[in-house]
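If you scroll down you'll find the structure; I have some questions about it.
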Amino acid sequence: MNLLSVITFLPILFALVVWFLPNEKHVRPVSLGLSIVHFFVSIVLLVKFDISSAGLQFVEQTPWVQSAGISYFLGVDGISIWLVILTTFLTPITILGGWTSIQKKTRGFHVSIFVLATTMIGTFLAMDAILFYVFFEASLIPMYFIIGIWGGKNKIYAATKFFIYTMLGSVFMLLSIITLMVLAEGQLGQMSSSLLDFYKLDLNFLPGQFLSTQTLLFFGFALAFAIKVPLFPFHTWLPDAHVQAPTPGSVILAGVMLKMGTYGLLRFCLPLFPEATAEWGWIFLALGVVGIIYGALVAMVQPDMKKLVAYSSVSHMGYVVMGLFTLNAHGLTGSIFQMLSHGISTGALFLLVGMIYERTHSREIKEYGGLAVVAPIFSIFFIIVTLSSIAVPMTNGFVGEYLILMGTFMVNKAYAILAVTGVVLGACYMLWMVKKVFFGPPGKLIKDFQGKNLDLNKTEVMTLLPVVVLIFWMGLFPGHFIKYTKASVDHMINAKQGYYLKIEGRQKKVATIKYKSTRVTR
Amino acid sequence: MNLSFDAVDIKYILPLIILFTVSLVPVLVKVFNKNKEPGKIYNFLTPMLGALIAAGASAGVGAEFLSKGISSKLLFSGALVMDGVSVLAGILVSLCLGFTIVLAKESPSINKNQLSEAVFLLMNAAVGMLTVLWANNLLVMFVGIEMMSLCLYILVAMSMELKLSKEAALKYFVLGSFASAILVYGIAFIYGAAGTVYLPELITQINATLLSNGYFLLGLSFVLFGLAFKVSLFPFYSWTPDVYQGSSTPLVAFMATGVKLVAFVALLRLIATQVLQFQEAAVFLQVLQWMAVVTILVGNIAALRQDNLKRMLAYSSVAHSGYVLIGLLAVSSSDGQVLGASSVLFYLFSYVIMTFGAFSFLSFLEKSHESALMISDLRGMASRRPYIALSFSVLLLSLAGIPPTVGFFGKFYLFSAAISEGFYWVVAWGVIGSVISVYFYLRPLVVMFMSDEQGVDVEPSRLGTQNIIFITAILVLVIGFVSNPFYLHIQSAIKTIF
Amino acid sequence: MLSSELLHIGLNHYLGLSAVIFVIGMLTVLLRRNLIVMLMGVELMLNAVNITFVAFSSFNQNMNGQVMVFFVMAIAAAEAAVGLALAVTIFKHYKEIDISAFEQLKS
Amino acid sequence: MEAAIVFYGLSFFMTVLSLGVLFNPNPIMSALYLVLTMIGVSLVFFMLDAGFLAGVQLIVYAGAVLVLFVMVIMLFDLKREVYTFSRGFFTRLLKVFTGVVFLIILVKSFFLVPETKELLNSSTQMTTKNLAGLLFTEYIFVFELLGLLLLAVAIGAVALSRIKGGTHAE
Amino acid sequence: MNDSFLFAVLLLAPIFGFLFNGLRFKNKNYKLAGAVASVAIGVSFICSVVLVIKLVAMPEASRAIHVHFYNWIEVAGFNANAAFVVDQISAIMILVITGVGLLIHIFSIGYMSHDDRPSKYFAYLNLFIFNMLLLVLGDNLLIMFVGWEGVGLCSYLLIGFWFTDQEKAAAGMKAFIVNRIGDAGFLLGIFFLYVQFSTIEFSSLNTLATDLAASGPLGWSHPLVLACICLFVGACGKSAQIPLYVWLPDAMAGPTPVSALIHAATMVTAGVYMIVRLSFVYMAAPQVMTIIAVVGGLTAFFAATIGMTQWDIKKILAYSTVSQLGYMFLGVGVGAFMPAMFHLMTHAFFKALMFLGSGSVIHAMGEEQDIRKMGALKKAMPITSATFTLGWLAIIGVPGFSGFFSKDEILWFTYASTQGSKWLWVVGVLGAGMTAFYMTRLMCLVFWGKSRVPEGTHPHESPASMTFPLIVLGVLSVVGGWIGIPHVISAILPGHPPNILGHWLEPALATANLITTSAVVEWSLMGISVSVVAISGYFAYTAYIVKTDIPEKCVKAFPRLHGLVLNKYLIDELYFGRIINPLIDISKGLWVYVDVNFVDKLTYIASDFVKSIGRLFGSLQNGNLQQYAMYIAIGVVVMLSFILMG
């Protein structure tokens, strides 16, 4: 059994364990324990990872649907490794985040979380386009249930919107994948959906024309990922989904699921369609910039805390997309780093908002005020996470944002200058919220709680502590994280035209699998 | 053409003979039993066994072919053809029949006083279906379709429910006969133009001259339209929702799966004559493309506003016909034939499984013959019947084409076949349609899992139906995960028809 | 020219006749409210088909067409039987044979 | 020449008669018009040198089937209808228009290829014997299937007439 | 001792203090908290001293101790190391920061004795020192930026320390956001420099810039010039220059020692420090230096005018700080890097002194800050009064006191540098005059004249922990200037005391060319400025002690001008009216009209469109059988016609 398969499918096993657990009371602790086990298993990956190689590692490849050249093909490289770890790291945290907030159907909830973990990890590890698509789409289902069952008042609307919106994008990706497979059949002699084979394809590109194969395919993929990211103007599902989702759902959604979009851009759009990326990348740079500013501006006037954080995600993910399309090492590294740090800090923000919502049952910013007096520990955590979110140096947020901005600056000064305003605006909306919620005289809500203990309990502190540690770790020693991605990023920059991925390590059956030709030559 | 036939041929049509013979058992028992309804043994077990044996006989034929290395065999001086498709589809039809009998036994909407007649008619409809599957000749195809349809008309009308079922039967009958007339008119023209109605002979006859012959064009169009009616393609789909809604649910399960499977196989055989590969037939391809696109959109969009679960699934089955047609488009080009036909057959098989499961779920929930199951009735299913709800969700997600279910792979094969033949825009509309469809497929899920109020109480006694739901749901997942062997079998079966 | 063509009765004349009857049959189904008359329309259509078969058969010197007519006739009869049985059933329950009374299933 | 006159006369009458089926508000009259049309069809069969079929047509259609129709109409005691045609003036117009266009298309498409064939009377191939031969060799399977079909329909029709349905059946 | 170890202790001692106090932030033991914090800073101070001694021992040409801890960010050629340097410039800074910081910590023990959360306060203060040390010690721009943002953060936290007051919280936020605007500029500056030179290390930057400048004057669009402008924007934000000075007066909402430490002595001078650090780079962009000089001069002037009209003791000091920072920028703008550093140092002494003094006063007056309610505090608070007087003498530039030397040096450079201008000198002198006016006014209203202290308030001298720092700083305010006595003055002094500071800094700094003038000119300029100060101070004394109706008359004479100045030229209102409120309106517009009613609406429109098509199909499906048959017929006809005719 390959390590990657273990990491991917362990949660499914856990889901079964939880499902058949005789006593519903044990569900929470058991899930927590299992998810922590999972996290440590994934750490093994980190330990064994060879940072000097840009190739795929721990590769596992077995034919799955030979007739269409689809294989069960998992592999990890510097681009995906941290996202896997992020997922396994956030899973226990989400379980802790739902410790008290999820009251009904706990069993189902934890099963959903585990299934979701499998699909997300699978998305990051899949090196076969169809396998990727399968995981990508399948991840919608558990998330749909998480929002729809444990969500807020308007949960069904939000869940459905989330599902359909995402699906709308991904079906065009499916179309593009199939087209690539067909092209692979023409060019490589056999149908294949392996990414490695896709990289070998020679895709027709006509400069300046929209209707060329490469451009259309590029946009087919990019649309799916842009919706997932979500890039302006495809972002409107996000605030709804976040506001309605339960706290753990929001954490996973913001923490990991959004990264599936940017990861896809990085894995598919950039290396597969180099010319189209070069020609049309400016659109994404521009949309990234627009997203940064727009998200920040709109976040500034949100009356609801969760909505504010949701729009801040739009802004932050705008940075990531912008960084990706700089096509230089700084931007790419920054983007990968920012994905991680956004996952951690925004996840933590949602966690925090959820914790306070549980106590006061309100997220209206104007009803708060003076919370710092009654919940000092909570405030400290919140402010630390806020600082990470607004990219104060020495927190994780800074490194990514800085590298992205610098990368952008090296490509296009105007965009970078515009994007830098996001730094200011980010501070504006976050600090505005902090001011309104924590500072000032006690607000309407807090008056009711005067004298009661609103502060965090030990479980919650234990939930947040790893996040805070990571925030500073990543901020102070980004090198520990960047070194894993370095080789891959450099390779991607150097091999822009004709990108390829080597398979590292055991070469036994993997690299070349001959599929039976499906065509009958008449 | 060999004008005589061999007695050995009878061996190959054994499934048909078995079905017919067994179908007589309940009726005869009833007749000899002073018109008293026979018991479970004759009304249920024997027909079930018959269906299974028929399926086994089909499989036996297949096994014999495989062992002898024969790809296909003509029977009865070329009236019938036994090949991979006949065998596979035959097995599926027989199994559908068996499942339908289970549903019928437990459903409240089938009159238990006439169960024997109902079973008789069901089995004879299956006989008709097998005939259509095996037909190598447009006339045989027509007679088979008629046999199947006439039995079904009567079955629809025989429902316990009084008003709607009669209306449904009326509509089905009138429109069905109307379409049959068009179909047979088309056969007449094809006969007139080509001088034959044998499909293998047609293959040799078809050429550019024939394709500019007005008779032939008329004939081909009419035959296509007639079959399009049976599979409910736009603009011939109007009967589908009404008839499905009015009929008893087990019967709908049978119609939505069996009839569609059979009619599509007929279409497949027609198109496999490579008639559409000629430049002159390009216009047909265009028409078919439009039909596919509009059918998908109409089916999915109309399903959006349905609150009646059965009607919603009816519209969804319309949309699925559109998807299958996309695959058939691929069959119409010379190098996409095998790929397209295999994808069509795979999709049909997956469609049969998931649709049958979905209708079984309806049958499971129906309280009385008059209860129209609304989506809102599913409230709280998840807490009362978690496994059933989960299975239904799996089926619905599969219908929506969400991976990793078989529905996704079915669509995947279809789309890849179509794309490799360059039907990009059709596929684009197809995927847009499937996005729209997600909305209504999710509605039952929403009601089942996300609302806490209670809906209808479930009668707990329908074990058979329940098991069918589980079996189909598991199949949907299993074939989803390991679609390859199934696909390969289908492909090798498909290769026998070309 | 024209008259000679008109006077020479060929295949297309018979087919034209069958087409006329087919369309009239079709219109009967489309227009008449009475279920039984609609059935008659279907019969008309099938008869038109039969004319086509026979015309082709005779002009092509191909006996198969006539065999098919035989089958079509049988099936037409069967359809008539089923249709009338249905009509009887419906009439028995509702005392109504006007199909516009059956419009519950819609949308 | 005579053939043309006969054909046109017959065609005219058949058209008028079938229009009678379409337009006569009294179903029984429609049925009678149908009988006459059927007879016309059998005459056409005669003209096409298909004597056996003409006879079958007369017996099966004009005889059996139409008797069935008339019987049922009698059974229902159907009178002249108040509402003969389907609702909606424009719908009716559209239907008629569709029919006319359909006819035009059909007839036009007949002439897409120049007509070459001649009707050969009393050819040796086209005999009833041959018909029977075909029926019991080449078409044996369909023939037998037809038997099953008729049986099924017969039983089905009986069953249908006996249905009770609803709760009072139990 | 090992250099790395020294650096580590220097930097980590405050962090230790921060963690110690931060982790027990609910503890109310102010003495323990203060002691730990002060000891931490004391350790840092000792380390600084050791480092400076080491530096002194090194040969003059290569006085710099570099320390490299680890690679912080390292991506594709971009290296931002966690590397630190002590050289001549940062040596002064660390001494000031840890020295003055230590004093202020000690002062805070007394000052915060009545507060609820002293541990938190000291934690923040220690964190600030840490960040400030990062800022000045950083060997590259990014480490400096880390400190730069860090001090901004601490400033935010400390300004909003009493966060239950809405206004104080708002002031903190304002400070942070205005600083962020500057930081954005700073970032862009880093980018420009990196793009130009592919490095962000100070030493390399300075060398490379010098080389570049040698090849000829650079145009406005040259990255280096743009970088200088952007970095100056950053400096404006941090050092409260026009147009980003608005946050500093509001920042007085924080505890007074904070104002002394952050908003007078250390953080606000970071901008000056940064430009001095990059002096060679700036010398390569003379046009930017002109901008800096003009902005500095204007800030010095306008802030002083506002200072003349304020009634809040801390606000006056705040505007004075802005004004003095303006001098520093004027200095760096004209190439007077050394004098700017000199003024930075002396200003740290006397302004910290005055802030602490004001803190002492406020403490004594029971949190009263309005100088109209004070007066004659000399008697009640002798030590405070005396030390404050020293500060006053220093700031107005009475010869012999520290402020005199540094300010005069700047004014001299303004006049004599090739970068300078006589007009700027005039502005500077006018500013100096006004400084003398409002500072004298402050003295008159607070310490001298008649008591206007309201009934019930009994001002008293502060405890020793507060007065001790005052005394130390008072002494420093006097003697601090003696290390940088200009050449002309030292020439007439006995023993010709050398310009220690000048010599010290010379190797590390760029120097502007001076127009060769005679000592007479220098003396006369000095005379002019001193006499302007004297006249102005006398006038203030007259107006507020002798003839107290003069101010009112003046106000009546120019009511609109006074109103404008009193309201700080309505700059805040301008910002709110023209930038912030419109921005919020735009955002609301974006949200409501673009997000909800356009982008999201599109999805609704799409779904409504689909639904309406659904309705259309629903109405076609009307249940009528013949209708369906008609569809079939029409379908057949249409498709047939397409097939046969098309």
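Annotations
Going in written order, the chains are labelled A, B, C, D and E, and every chain counts its residues from 1.
Methods note: a contact is a pair of C-beta atoms (placed from the backbone, for glycine too) under 8 Å apart; a residue touches a chain by one contact, two chains touch by 3 or more.
What you see is a predicted model; the values in this text were computed from it and never measured.
Shared contact partners of subunit B and subunit E are A, C, D. By the count of C-beta pairs in contact, the leading chain pair is C-D. Comparing the centres of all chains, each the average of its CA atoms, the largest separation from subunit E belongs to D.
When each chain is reduced to the mean of its CA atoms, the one lying nearest the mean of all protein CA atoms is A.
Between subunit D and subunit E, the centres computed from C-alpha atoms are 102 Å apart. Subunit B and subunit D have Cα centroids separated by 30 Å. Spacing of subunit B relative to subunit C, judged by their CA centroids, is 27 angstrom.
Work out the mean CA point of subunit A and of subunit B, and you get 42 Å between them. Under the contact definition stated at the top, not a single residue of subunit A touches 2 or more other chains. Subunit E has residues 618, 621, 623-627, 629-630, 633-634, 636, 640, 644 in contact with two or more other chains. Residue positions of subunit D with contacts to 2 or more other chains are 86-87, 95, 98-99, 102, 106, 108-112, 138-139, 142, 146, 149, 153, 156-157, 160, 163. Pairwise chain contacts in this structure: A-B, A-E, B-C, B-D, B-E, C-D, C-E, D-E.
Only residues 161, 165, 232-233, 235-236, 294, 297-298, 300-302, 328-330, 333-334, 370, 372-373, 376, 380, 387, 392-394, 398-399, 402-403, 405-406, 409-410, 416-417, 420-421, 423-424, 427-428, 431-432, 434-435, 438-442, 476-479, 482, 486, 489-490, 493 of subunit A touch subunit E when the two sit together in their complex.
Taken together, the subunit D residues at the contact with subunit B in this complex read 106, 108-113, 137-142, 145-146, 148-149, 152-153, 155-157, 159-160, 162-166, 169-170.
The touching residues of subunit B, when paired with subunit C in their complex, are 139, 142-143, 146, 150, 153-154, 157, 162-164, 166-171, 173-174, 177-178, 180-181, 184-185, 187-189, 191-192, 195-197, 241-243, 245-246, 305-306.
Of all residues in subunit B, those touching subunit D in their complex are 1, 3-5, 13, 20, 27, 75-80, 111-114, 117-118, 120-121, 124, 127-128, 131, 139-140, 143-144, 146-147, 150-151, 154-155, 157-162, 165, 212-215, 217-218, 369.
Residues 63-68, 130, 133-135, 137-138, 140-141, 144-145, 148-149, 155-156, 159-160, 163-164, 167-168, 171-172, 174-175, 178-179, 181-182, 185, 191, 518-520, 522 of subunit A are the ones that touch subunit B when the two sit in their complex.
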